[in-house]
Amino acid sequence: MKLIIAIIKPFKLEEVREALTGIGVQGLMVSEVKGYGRQSGHTEIYRGAEYVVNFVPKIKLEIVVSDDQVERVVETISTTARTGKIGDGKVFIINVEQAVRVRTDERDEDAL
Amino acid sequence: MKKLNLVTAVSVLATLVAAPAFGQDATAEPPVVVPGHSLFVFNTLLFLIGGFLVMWMAAGFCMLEAGLVRSKNVAMQCTKNISLFSIAAIGYYLIGYNLMYPLGNWSIGTDETGGYLGAFGLAVLEAVGIGADDADDISYASTGSDYFFQLMFCAATASIVSGALAERIKLWPFLIFTLVLTAVIYPIQASWKWGGGFLDTQYGFQDFAGSTVVHSVGGWAALAGAIVLGARAGKYKDGRVNPMPGSNLPLATLGAFILWLGWFGFNGGSQLAMGSVGDVADVSRIFANTNAAAAGGVVAAILLTQFLYGKVDLTMALNGALAGLVSITAEPLQPTLGQATLIGAVGGVIVVFTVPMLDKMKIDDVVGAIPVHLFAGIWGTIAVVLTNGDATIFGQLFSIAVVGVFVFAVSIVIWFILNAVMGIRVTEEEELEGLDASELGLEAYPEFGKGSQFI
Amino acid sequence: MKKLNLVTAVSVLATLVAAPAFGQDATAEPPVVVPGHSLFVFNTLLFLIGGFLVMWMAAGFCMLEAGLVRSKNVAMQCTKNISLFSIAAIGYYLIGYNLMYPLGNWSIGTDETGGYLGAFGLAVLEAVGIGADDADDISYASTGSDYFFQLMFCAATASIVSGALAERIKLWPFLIFTLVLTAVIYPIQASWKWGGGFLDTQYGFQDFAGSTVVHSVGGWAALAGAIVLGARAGKYKDGRVNPMPGSNLPLATLGAFILWLGWFGFNGGSQLAMGSVGDVADVSRIFANTNAAAAGGVVAAILLTQFLYGKVDLTMALNGALAGLVSITAEPLQPTLGQATLIGAVGGVIVVFTVPMLDKMKIDDVVGAIPVHLFAGIWGTIAVVLTNGDATIFGQLFSIAVVGVFVFAVSIVIWFILNAVMGIRVTEEEELEGLDASELGLEAYPEFGKGSQFI
Amino acid sequence: MKKLNLVTAVSVLATLVAAPAFGQDATAEPPVVVPGHSLFVFNTLLFLIGGFLVMWMAAGFCMLEAGLVRSKNVAMQCTKNISLFSIAAIGYYLIGYNLMYPLGNWSIGTDETGGYLGAFGLAVLEAVGIGADDADDISYASTGSDYFFQLMFCAATASIVSGALAERIKLWPFLIFTLVLTAVIYPIQASWKWGGGFLDTQYGFQDFAGSTVVHSVGGWAALAGAIVLGARAGKYKDGRVNPMPGSNLPLATLGAFILWLGWFGFNGGSQLAMGSVGDVADVSRIFANTNAAAAGGVVAAILLTQFLYGKVDLTMALNGALAGLVSITAEPLQPTLGQATLIGAVGGVIVVFTVPMLDKMKIDDVVGAIPVHLFAGIWGTIAVVLTNGDATIFGQLFSIAVVGVFVFAVSIVIWFILNAVMGIRVTEEEELEGLDASELGLEAYPEFGKGSQFI
Amino acid sequence: MKLIIAIIKPFKLEEVREALTGIGVQGLMVSEVKGYGRQSGHTEIYRGAEYVVNFVPKIKLEIVVSDDQVERVVETISTTARTGKIGDGKVFIINVEQAVRVRTDERDEDAL
Amino acid sequence: MKLIIAIIKPFKLEEVREALTGIGVQGLMVSEVKGYGRQSGHTEIYRGAEYVVNFVPKIKLEIVVSDDQVERVVETISTTARTGKIGDGKVFIINVEQAVRVRTDERDEDAL
């Protein structure tokens, strides 16, 4: 199994979630993060003082899927989340050694 | 409203005539109007107290709206509210006040044949330290207090609009509309009734404190704007209504309580006099009835939402309170406490049914301003006939229609012009990012998470 | 309160008699009571101003409680507060007002032998546009203003209860209790003192604005409810007290400031007259003393928490202000500014010690309503004997006891009945999820994180 | 302010003399002053209403500041505000009131040669239930109402300081300074003008409601504190200004609206009389002008920030409203509505330019208190000469300087002493952690995330 | 070492934390997430409009432990967090290559 | 590529970010967490009741970097974030199998 970590633009969340449900993803975790990257760095003025905005709000998705699903999930995320503008985000893949469903104590694939 | 002067003038004369008897014979019935200039002082005081209470309603609208929009638009909503209140003060001073109260000097029409367009000119107050004979109307109240009181009504009309159009309208076009609304649209139609114009003199229109003259006017202007502006991105997709929950419900609740409090000044002050036993007792009736109607609106809303949805909806309870208040505004004096409660309760029922109705029509009213101020306002104006013999169903309906057509037509034209000239709506990208970040470059709650994007 | 009428009636007669001299001789001492009907207008105005200030306290309770509960219960707290205020308006109209002020028509007892149960009937206001002889009491104030003012006291009693029972009581049982409290329990016991009942006539009970009649009553009803309801899940586990910090302290602070402001109407209006030099000067004393007592409560609380815990506790400072206000409520007129400050300070000390005491007794009072309104209310009622010669320690203690036994007994019975019939408490699962999600199906702060579950 | 007594006293005598004619002849001009003791009642009522409105400003300052500091310091800001308001009540009672109003009994100086230091002693109110001849000044108002009204001005001065020094000053040293400010510093300088001291009698200083006597005094004390205290950690690093956005802008907006409302009492009550046609009409002018100036301040600020920065800054709009109010405070009566709007607008311009200016000088004023209250206060005091013939540019400038030097000098000395004795600033670690956690051991928003550390 | 990621119901946090401390876990990270899964999907009504609640509040625990502790920790979490109702959550295990304690620069096992 | 997870004291965020930018890190994710560890456990009093503060606010950084950057990044973080007091935090390193840049669909190193 793999843990897929995706950073996307917040307003894309709903769309991405629907797309993922569409391809059979049964669960995921969402959290708010502040992102620093190429998109960062524009300046704003507050009470007459200029400052650089380094962090932009992003949504982080964490999804554990079986190895065979990985490519489709990555594909789905990156196509759905893409706007073509800087700051669209990233997808990272990490190996998961074991999964457990708390309710039933099922393991691995069955736990997803 | 001012037209009551005559009545009071008469009664005060009565007093002065009656006065010689006063004191000579303690058993004789003392005059009903307090002697000397207490009348002037009391009436002026009523306007000052009523005026600051209605001014406070501006804060109520601001909190209500700030609490019902998503966090990414909260700072903008606050900006719009404090700005519109300021612009109203300027517009009403420059043109509005004399347009609304021409005191006979109609630009079009006359007191007799019916006034249609008031006078043009800056608002001018009485001089400093006037004596009784320098007063514009010693039998009424000081012009300064009247101006102050009336200005707050004008500003309230503008506050109604901001809520309905929240989360997508650009700041400056909105403020320009506000200027036109407070300087021209509101004063002109208000002159037809309260300035002694044709609706008042020809059609016997009864609207004690403005269910139609104030609230429905705000509602019509908001409706026109909402239509031209369109719904928020994602509000209605593939036939479903996608709720966008308010970001801060205690703040919205505070707003509703502030409005409830301010309404005592709104309705009570509209008695326009408290210098006699009769007047002050009437103001008391109005306070008690206004409270009863708001209570009726809340109770109707919570019972109905519990019954319909199996759960009470706090935002509907807040709208219910306001709808109850709007409903009683056209006639807060005549009803008994029981009648006032029921009139308000019907207002509460109206919002519970019309909020989803508007959604079905894909008219996106962020805070429920149209159900509360327009629909309940119409109900309240019609309900006058139930308790006030001077009101005719025709006079009420005709006036509702005339005011509605005028305000809606003029408003929609102005919205179209603004849209053509400068565009009234932010880009979809700005809207998704939120108006606070895109238009103001700041955040209302920079530290409280960005959950707004979860919707 | 109304009983003062006689007094004022006498003084107004005095005026009318004195009146002939007035004006004839500028050197003669002018009457102390203002002439004509100014008296009626002034007194009515005092009730209207006092009334809207006390109404504002409803918002204060709501904000205080919304700020002191956890975020998962905030919307419910707002719902309860606006609903209870509305229900009080209906209950007091239907039964309460005449039960409280039978004006001699006691169902049980008489003015002479002592009144125990007032009259039944709807509240009826004076007609529209009355003349002086149509006024129910020309020497007092308009009935509408009296009703409006008294209603707000009744509602305040109900607001006290909602805070103590927060975060676990079901909405509807709470509202049903509110109806009984405002329509029956509060009015009956209030009639014993302010309606001219037996505590007033037989025992010379002194309670100027209601440390006992209003505040301790809310406190007793809250205590009964808290006992039947039990503590919040996880509040007391394995002998430890597990604090559940309020979710929004600036909101709670706003609530305290609102209550502080409203209290000027609460105590000042209870003078029941301001139409004479003596009355208006007394109202002024009351305003100044009320403020001094609140200040004393705050200073005592911050000094004491700093001293006891090494850190100032803001929530105790807020409770301290309110305890100071409750303490001075039974006698805000007689004390000097210094005495008022000290009386309030003792109130502040009381909350700092009794809040943890209640926890030790495993009585879970979410916002400290019982220490503030019941314990400080008892103190304030006793403190009357320090500055008011008409008060006897027996009369005060006896009345505190009678009111306490009556209200606590009736309340606990009703709580038990409600519990048996429909259950007054949500399930543990609903409680853990939060009442907003489980009972209302929404969130007060949908975008601000769910930290409430960290506790 | 009290010195107006003479004037009113005269006019009231005029009435009594005129009185015989009254009523005898309905055509004769009725006296301008209301008869009997209505005058005393009306004036007292003005102070009571004005007083509770100014008291409400304490909540306004608290909300404004709580909204403009970072979430980790919000509970502390609330603690400071409710505590300072309480301490002011004690300090003014113990020493302040008589220092400010020696009524001729100067410790240093005389009414004729000029008063410099007032009387020492506790504030004492009139007895309970006084008759007309027991009143301290039957031609003015009850002492209780005067005390209540004046106390609120004193407290407002202290509220100004807390905002500027937020997020880094220790609680107790701040409260000790507050005690000195409200008991000694404010009353002494206020006596020079309103107590009939030398600035009033020798230099004809004109300051109607306190642009200098109240606002600039708060500003000077804040400036001294900000200099001794130094800037917040990280505010100015390597030559850049590092903004620290306010954590809750709708709360700050609420604060601004509350202050706006309270200001009607602040300026209107400073007329000190409303018992005659002239006085009540003047109070009305003041209400209308006060509102106009605030509106001018907002509009100037939004136009200017849009023009300068390409975006409207809500916090500047709020500061603009307050600056407009401060600007009109020295002379809210004489200007026309148009003049008042412009005077306020200049105030709005001042804040937009001076807020960044202070940052350049590395003076860290968290909420903009110095630009709003000191700079706009100076402007408003000078602007008096534009509309009030009695004011001389020299008299105004000289008085501004005398008050400024006195308050700044005394304040900075006290700040230095406090710093030497106990240290006025928290450690950097405590500051980084936030004052709520480090000094109070709690959080203002325990569930709303800790974003404050993102700055 | 392994990184154990556990998603649990929020009100279980305190209990789980105590249980973990009980078996000698010395530290962990807690964050709020919104979870999508089988539990999701009930509908609510807001202002008369029905909508589906897709995300439910959850707590995410992240704990790095030495390999030998893994089984006990997983066991402890899943038994303590279990209510038997849908939505109890998951546990995922990921390999950690290195750990550093910032304060002391200690590495790996010593850093925990 | 490696995912570097760092838990630091909140007020260190800005400093660490600058340091990382200094050594060429182009992006990262920041999130708030509550930390439990040795630092935890001091007591506070609220309304007269004493309680233990178990969780302290922390900032979690997540940075994906190419293998050769790892040591420098870890070094930079731990030196910049160090105050020497308990609670300075941790750094954990986890293997990343794949990275995608949503905007361009670039993969792995190019995606960072």
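Labels for the chains are A, B, C, D, E and F, by order of writing; each one numbers its residues from 1.
The rule we apply is simple: a contact is a pair of C-beta atoms (placed from the backbone, for glycine too) under 8 Å apart; a residue touches a chain by one contact, two chains touch by 3 or more.
Given the structure is predicted, the values throughout are model-derived calculations rather than measurements.
Across C-E and A-D, the chain pair carrying more C-beta contacts is A-D.
Mean C-alpha positions place chain D and chain F at a centre distance of 47 Å.
For the pair chain C and chain F, the distance between mean C-alpha positions equals 52 Å.
Look at where the CA atoms of chain B average out and do the same for chain D: the two points lie 31 Å apart.
Note on chain placement: the centre of chain E and the centre of chain F lie 18 Å apart, centres being C-alpha means. Taken residue by residue, chain C touches two or more other chains at 22-23, 35, 38, 45, 49, 245, 248, 254, 309, 311, 313, 315, 441-442, 445, 448-451, 454, whereas all remaining positions touch fewer. Touching two or more other chains at once are residues 30-32, 34, 45-46, 55, 94-95 of chain F.
Chain pairs that touch one another: A-B, A-D, A-E, A-F, B-C, B-D, B-E, C-D, C-E, C-F, D-F, E-F. Residues of chain D touching chain C in their complex: 13, 16-17, 19-20, 22-23, 35-38, 40-41, 44-45, 47-49, 51-52, 55-56, 58-59, 62-63, 66-67, 74-75, 77-79, 81-83, 85-90, 93, 122-126, 128-133, 135, 138, 142-145, 147-148, 151, 171-172, 248, 251, 254, 439-449.
Taken in their complex, chain C has these residues touching chain F: 240-243, 245, 309, 311, 313, 315-316, 352, 355-356, 359, 368, 454. The touching residues of chain A, when paired with chain D in their complex, are 34, 44-51, 55.
Across the complex, chain F is touched by residues 3, 17, 26-31, 62, 64, 94-103, 105, 111-112 of chain E.
Chain contact summary for the complex, chain A toward chain B: residues 10-11, 13-14, 30, 32, 44-46, 57, 59.
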